[in-house]
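Taking it in order: structure first as structure tokens, then the write-up.
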């Protein structure tokens, strides 16, 4: 996932970027960074940790200027180097540059190899470094032209915020896979952010979404200038609605909570269940469960409590507490569950391991029957536009039918939303990226490698 | 509030105490501590911070033995000394002792002065030190008799877990103001804890609540021995159900979530509202809002999202983001709210400042009308059995009528649950402590000082 | 050892206490604390760590007032509790009190038992708690009389600084075992400190040493009032000169560096050596080695370099670097040593393990002969006035002759300063505490237990 | 300064690199890093802080393999980015590479601009990044040839350790400005390090110094292969002997302590003083002061004590303690100084500010006369082969005569070692880099810019 933000021509730009990143913390908790520019130089602070942990008065003392860009990085296995945090800063021919990137480049490896062939060095594992190199290697005289040059070489999902010492450039790929919106700040200047929830916290006024294939150029004292770099081929990622985004965000005109409600209602039609009670897996399953309950006309209760005190480093128990991992996070309210037929609604089902533990936990709490409902279609393919998708091997729906999975997780039944149902819930005015469900890659790259699991 | 736990005759006692404290983190986040005993000596680790922050492998290496007691301390203003963490350990005539205490002694000051007159020194501000002194000063030969001696001198609310090098003593005051329950551990031994949610995490089997006025004595290899020290005068604190306890806990036979549902339903009868949507203030208002919506037959939505990433040290903004403090924590989903008449349900209303910010936030999100409903009666009196209650001065309901408060927080209406309604919701089989609502002190101490605001 | 300081009637008292403790860091590195009083209340900050690590702006914000006392605690095995840091603060009948103590009470155990018999509780392992209890238990009406009462019950070595909310009391035991001096601060007020090096840093003007058996009473706006509580029986500890104190301190009129020079010269007469070069074990052996070289008329070189970057937590090597522990700290300059007969001078010899490693290291560096000279007599008895003395079992000189030790550490010869030589070096105008050397206890307690190894 | 180390074909290579860096901590305290290679990949750990602070068990768990290179970085103003720590790691066409560099490239700016012109990006301010880029851009097929290619483009001072996944390359510039030596490890394999004190700690056997212009190639199971890349033009930096190196190191065949002794003796001849006592500014002036005292035949004492507890972040005093900064570090022993004529010997004099404070401090301690002697010539030019040299503006000797400086620091006299004297002390068999004293650049680059103050 990841979150990006850009603040331009606004006082205390780095503090605004900070609050925006705070509001988008759910999109990435591994590391965070902000770079700011004051017209003369770019300063950068980035570190492993949460937004509230990384930035303090000292950081803001450094991060002067009226322009700031920032990034929250999602946890990715194995790469713990500080060099893998964003934004990526570099000195190059035209001066200084800082880049924050949300997305996944499908031709990352080819581009990297081509760059390396031409003598480039890579100090991190992030494809953001590709982008910086492509800008630096361009023969164009102006940064804006170098960026355009670079964009010709990228394939895949990307939202970019690029900062020079005095300007800011914002780009969204032609498919609009990742969200990116523009707003006006109360005390002057603009902000772009991955989710509109950042605007709400800052009291910024939403203007519009960045268009697929569009570049916005920010210059001091001017209105942002728009250029359509690529023809739009709009395929926003369905997972933003299903799972990634905060429910109060509005992505490409659609409210996330409401779309989840609709998925739940649709699921009720497609996969009804004869139950006494509908309960969500908190917090991400709440809206769909509400819709499912409404669709069925069955009571809804928050019968599982989520513990929010789980810290980063949890001690491995020497004793065997059964299902400890899920129990530390989720606690059922037995009195609501005991003796009842329960529909438990989750946003998606990937490996099936957590679902199995939840079913067990509900049985121990006394549920008579447990019908699991998933407010998304079966995930059968890894998504190369996203990140951290398991390989096809690990996707339980790639190997087993719902019935088989239901048996293996010991539920009484299991039902998924259909792809058609998902499309209807999201609105049929637009084509969504449904790669994980239908394996259908709409964007460049080698169509023969749907199983590609390149992670950012 | 605070949480206490005691584990006896069980392997890895300190790790079990740890998981129990983790499950009860909501009862106190300021500091935490565990002492363990191995028959020969007592070891203690306590520190400011969350359970997951304070204990690590080093701590557990020290905390050996099959008996462990622990404590989570609620944040209290002004007293930041490490000496104010619990358990309190001391060497005294009969050896070593460690004490964890949840509650508030109403005669704390008198006892402390009497002790000081007799030459005692106090190194902290906690009344737990009173308890240790009273045990140490007793002339009895046996610890159990010294404890009984001490108990004669305490007035107020207390649940105690007392650990010697080989035994454990558990006491609940005659009113049963604070909760305390007993369970059997899977791999042997017993656990007592403030809330049953600790048992669920550990897979321990609930046996029963500790009776008001009861002492349990734990000796190696024996069943816990019960003594009724005081005649029961049962008045459990209504606030445990209204606000303090976790919804999945069962306190004195009543499930917390269900009692909140009932309060909501009862509130719907007493204070109905002509609204399009019922929404809770998350997380504590969820159950009551569910009940309220059901009572009214009006749709319910989780239309306010809570941000759980708020860290301990948050940066003060230099810019004026309106209502920043509440906005960092709560975010409305505008599309659900816009143009609608909303009933917003909270668990209680103390000073009114947060309510005012929430009303503003909902208006900015486009609500047509905002009807605030409080699933508890008006708080007119500070509670001397509890802690951290504001003084009467600060209690908005002590000075203003609901109508006046409604105007001041700029809501369209405001309704509280009646005291009668609260009693009905909790069940009329029992008398509850309702001091905050009716100012009626049932327990010892000077009846003339209902405004007493001694905090633990 | 430990260091204590008291600042009275002076602006920024806690910062002055801080600098004084910094100057006396060599006397104790385990924990440090300062309490300050502003006439109305006492505030305390104490923690494990070095002075520069424990105190920051936040600490000084708390530590307001014109009176402050402080303490550096020497590392003692096994007791790592924060409760074992000083000063010890307590509320008692007359209000608030804070006590810092340097020394070791020989009747500590009896006093503690008597107090415990009377119902006292002890939360730490420090005998400072005895002192606070004795003051609290006294029946006298005034603090000064309670202190006198308490002093009647102490036997052993003690320098005390006692702070009430408005006054300060300073006491040195009748033997004057530990050092304590008085100075005037440049911008008003007084300071007492264990060593005069604290005065030099602060630019304070030395007035005089506190007299054995004297109490100084500090009241706002008055000259310090002196009372002779006990008849003086002056026996300052010889180890302060041999090893403990900083070389630039002047203790009871005698400069430490100069007394070490004299010990070295005297050692040259008593235990000459036919060598090419005299080298010290840095840093504590430097002065004596200088004197020894001068006495012999032989060249002196700093032929061993000391590494000052050794941190607190050092990684245990998996590979076997020979003598790693001593090599991390000390490095010989081979070219100065190779082929030469070397006299290596150390301040004392306790267990002999380090000496053995040093001899080995010098041999590996090519020394032809190694003659070890110790600028102190043989340590044959544990000292109950000091702390952290090994038991008699561990004292190599209690069991072996110098010749036997010389063989076991593989030196070519080994010579100690005689007790007579030490006396001469220190000046014969005064009687010194030489317990470690002659086993002769001059002060109270049971003369039959010279082997008592009570540590503070 | 900085320190580098390379360990090859030896078990626990990263731990050996760690101990070597620990022994060379004096060469750089800002940041430290180690990369290790196991034949398949390179792993890197680097961070701000001391060696003992940065590396722990977790770090060594990562740093597997039998080859490891490391670096200690000297504190340089303004550049606090973690990206400015070494070694620098990169992926490039031939795989992975890690580079540690000690020195200063005089043509750094030109190379960087040329690289940037060709599209390179720079993520740090270190010239080490130049080196990695030059290797990556080379068209050669083998790493060894790419390194040679790169070396053709470097001008200035450099010692390099370069690690690939299976080999190690070690290069010293043709002038041999910075030291670098080779030794054999006890349990197999080789080590190269900036100073021989690293070998002594590890028990490694010194083989020889790396020759100016030489490259050593380490391959598994083979003897290191030597290639003379450039003709030697030997000019080791005189400052290594004067100030940088540890006194127990042997650099290019000359023992550092002994060379300092000689400088002191020579200074005694050139700048005698009629004094009662010679004292050093500890620790760096000790050896020269010893030589000076011997040369004069006047007593020597360690009459200034150095405090080694100074932490990293020291609190600024609100009160004005005169000369606080120097007093926190240095304390005079008044009784040795009072009434005497003193010669105080320091290793060098740069800005004169500390010297002035030392003179004041000695006067306050009662010195009758103070004759300052500097065991190095007047520093009149910034050195572009070194680092962190002040600009010519700040060099007091660039603007004033010794007499004028003596007056301004309020000494009774001031004398410097002559350039001739320095040459004699170091031995006339070799030509030393004396740029700071004679402004005479012997190495490439623009001879017209002796004032160049490029820092690494």
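Annotations
Letters A, B, C and D mark the chains as written, and numbering starts fresh at 1 in each.
Basically, a residue touches a chain if its C-beta (ideal position, glycine included) is under 8 Å from a C-beta of that chain, and two chains touch if they have at least 3 such contacts.
Quantities reported herein were computed from a predicted structural model and do not represent experimental measurements.
Of all chains, the one whose mean C-alpha position sits at the greatest distance from that of subunit B is D. Centre-to-centre spacing of subunit A and subunit B amounts to 37 Å, using the average Cα coordinate of each chain. One inter-chain figure worth recording: subunit A and subunit C are separated by 61 Å, centre to centre, where each centre is the mean of the chain's CA atoms.
Each chain gets a centre from the mean of its Cα atoms; for subunit A and subunit D, those two points are 48 Å apart.
Annotation for subunit A: no residues touch two or more other chains. By the document's touch criterion, interfaces exist between A-B, A-D, B-C, C-D. Subunit C contributes residues 44, 81-83, 88-93, 116-123, 132-133, 136-138 to its touches with subunit B in the complex. Here subunit D touches subunit C in the complex through residues 11-12, 15-16, 18-19, 22-23, 25-26, 29, 50-53, 55-57, 60, 187, 197, 200-203, 246-248, 250, 255, 257-258, 286-287, 290, 294, 299-303, 305, 307-311, 313-315, 317-319, 321-322, 327-328, 331-336, going by the rule given at the top.
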